[in-house]
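Shared chain: chain A. Partners: chain B in the first complex, chain C in the second.
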Partner chain A sequence: MKIIGALIFIMMTTWIGYDWSLQLQKRTKQLRSLIYSLQLMEAEMGYTYAPLQKVFSSVHEKTTEPVSYFYKYLQQALTESVSDFSEVWEHALEKLLKQSALKQEEAAILSQFGKNLGNHTFLQQEKHIHLTMHHLKEILNNATDEQHKYERMAKSLGVLAGIFIVLLLY
Partner chain B sequence: MKVGDDMEEIWRLFPDHLASKLKQETMKQQNPLEEIRLRIGDAVELIFLNSIVRLDQYHFTSEDSMYLLNQLSEHSLYRMQQELKEGYITTTGGHRVGLAGAVVTSSGTIKQIQHITFFNIRIAKEMKGIANELLTYLRDGKTYYNTLLIGVPQTGKTTILRDLARLISNGHDQIPSYKVGIVDERSEIAAAYQGIPQHDIGKRTDVMDACPKADGLMMMIRSMSPDVLMADEIGSLKDVQALTEAMTAGVTIFSTVHGNSLSTVKKRPTLEKIFSLKMFSRYIVLSRHKENCFSFQVVNGAGSIVHQGDLQSS
Partner chain C sequence: MMMDATILFQIAGIGIITALIHTVLKQVGKEDIAQFVSLVGFIIVLVIVIHHLNDLFQQIKSIFLLQGM
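For the complex of A and B:
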């Protein structure tokens, strides 16, 4: 019985370790996807002069989930008459945080971006997009470093910590 | 998305608390609403046909103006580059919102209006059939004369021109329909929203929206082969030049010009050529009474009055 319990315990810690490393991977991937989505947004705004709703719908089609869900939600929210767009944006952002591996750090930057979205002429809007992309790229760099540093460690740490604790308890 | 008595297109531009106040005030009035004037920090002003109402208890705030701009641009102000340069935005329903504020210039040309503080919402009015009576005096058998409408602002020049376009392109009585081309530089005649006319301008009418008149007239002639061409508010020498060319191309021209009488318009130096070449065979001079009607005079090329009367929308 004890052995089965110990095995289950080790499996659990292993799984926690794997999940941790997976989160690290996901975050960099999703950050890249976010940066890409901002590039798309800029292109849509500059070339087609489409309203935000159309911009969101085409960004939604060209990105991968969970970032694409974020844009889908925004697009759907704008089909109805909206009085305060930044509220809608905040709400979408909250949902994105729950569905993704993204952290508060990038959410704060996006939240700031949402406050300026649609309130400016194209040139100003472009500057806001560039600034946001710049910030996100910095976060991406840090996140990539973190991923390289901890990715393998997280996996082995899970297994080893499990074994260690089991040995201690014996 | 055609214009009707439906004012919802206007009310949706305002935050709820303001919209309900405006609605209430409009309900109280007998006459139709013509303009809503908004100035940040000042009372909202409603201009009806015969009266001006100021809502002194409510001052238009900068939050309201943000709301208005957001609704106008569909939360996408970056699209409004051209509009902010021209100083007006056309909305669904064909209503026009004029803007004023601080102007940003770059090397002498206007780049855009920033810090928009003054708004003038002009409610589009479509008066179908108002030009019915006029048409008999504007044609010789089955062909139309080159016609110039003269009037000060708010005398219905554009409204009448729009109805003429509708009647001519649909055809009426025994007169066959003609192909009509409209060069709508200020998006007033057809009030196109993303290229789609918001007013009924007839079934055989093509519109070149937001296009400079001089270029637009030639583009239309080259590509759309119109029988009748319409353009609003000629003023510059370039416009006159283009009109002359269009006429020699065999197209009938309908146009409008600002002025309170034929004699004052004749004095304008830029329009000199029009009169010396006797380009127009009919002038319609419009003025406006207190009641909801326009009075008109149809004058022929020689300067004698052919007909006069009042116009009433049917």
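For the complex of A and C:
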């Protein structure tokens, strides 16, 4: 009985460690998809001059899971009449933060970007997109470094901590 | 007699695991946390050992009939 409990405990801490390392992996993946979505948005704006809602819907179709939800939410929010777009953007960002592995850092950059979205001519808008992409790429670099550094540590630390606590309580 | 063996294995296990955690943390460059973990492991082992030393001294006391002192 004791041994079964100990095994379950070790399995649980191992799982926590794996989840932690998965979180690190997810963050870089989602950052990449976010950068990709900005590129898409730029292309969409440049070639079709479509309104934001259409841009969001086509970006939503071309991106992967958590980021695409963000654009879907924005697109749906814009079907009703909106008085303050940056408020909608903030709300969507909050939701994105909860659904994804992204952190406050990139949310701050995106919220800055949202304040400028739709307020300028295309040329200025393009500059804002490039600036945001540049910032996000920097964060992506840091996140990849962090991932390589901590991924294996998280996994082994989960197992070791489990065995340690089991030994303590034995 | 059996209990003595388990306590030895327990302390040895704690030592090995602490050493492993120390090396893992040191590899990723978290030396300060690694030191802290070693310290905590040491203190835990120390507490266990003191607990059992206490038992030993109680037994010596009782053998030499010094209970009253």
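In this section, the second predicted complex is superposed on the first by the 170 of 170 C-alpha atoms of A that agree within 3 Å, B and C clash if a C-alpha of one lies under 4 Å from a C-alpha of the other, contacts with A are read in each partner's own complex, and residues count from 1 in each chain.
The rule we apply is simple: a residue touches a chain if its C-beta (ideal position, glycine included) is under 8 Å from a C-beta of that chain, and two chains touch if they have at least 3 such contacts.
These numbers were taken from a predicted model, which means no experiment stands behind them.
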Count the residues of chain A touched by chain B and by chain C, then name the partner with the higher count. B
Given the touch rule stated above, what does A:T79 touch, chain B (first), chain C (second), both, or neither? neither
Using the superposition on chain A described above, determine whether A:L168 touches chain B (first), chain C (second), both, or neither. second
Is A:Q104 touching the first partner chain B, the second partner chain C, both, or neither of them? neither
For A:Q125, is the partner it touches chain B (first), chain C (second), both, or none of the two (neither)? first
Based on the superposed arrangement, let me know which partner A:L160 touches: chain B (first), chain C (second), both, or neither? second
Please identify the positions on chain A that touch both chain B and chain C, taking each partner from its own complex. none
If you look only at chain A, which of its residues touch chain B in the complex? 45, 49-53, 55, 78, 81-83, 85, 117-122, 125
In their shared complex, chain C is touched by residues of chain A numbered 149-150, 153, 156-157, 160-161, 163-164, 167-168, 170
Spell out the part of chain B that touches chain A in their complex, as residue ranges. 12, 15-16, 66-67, 69-71, 73-81, 84, 112
Show me the residue ranges of chain C that touch chain A in the complex, using the header's touch definition. 6, 10, 13-14, 17-18, 20-21, 24-25, 27-29, 44
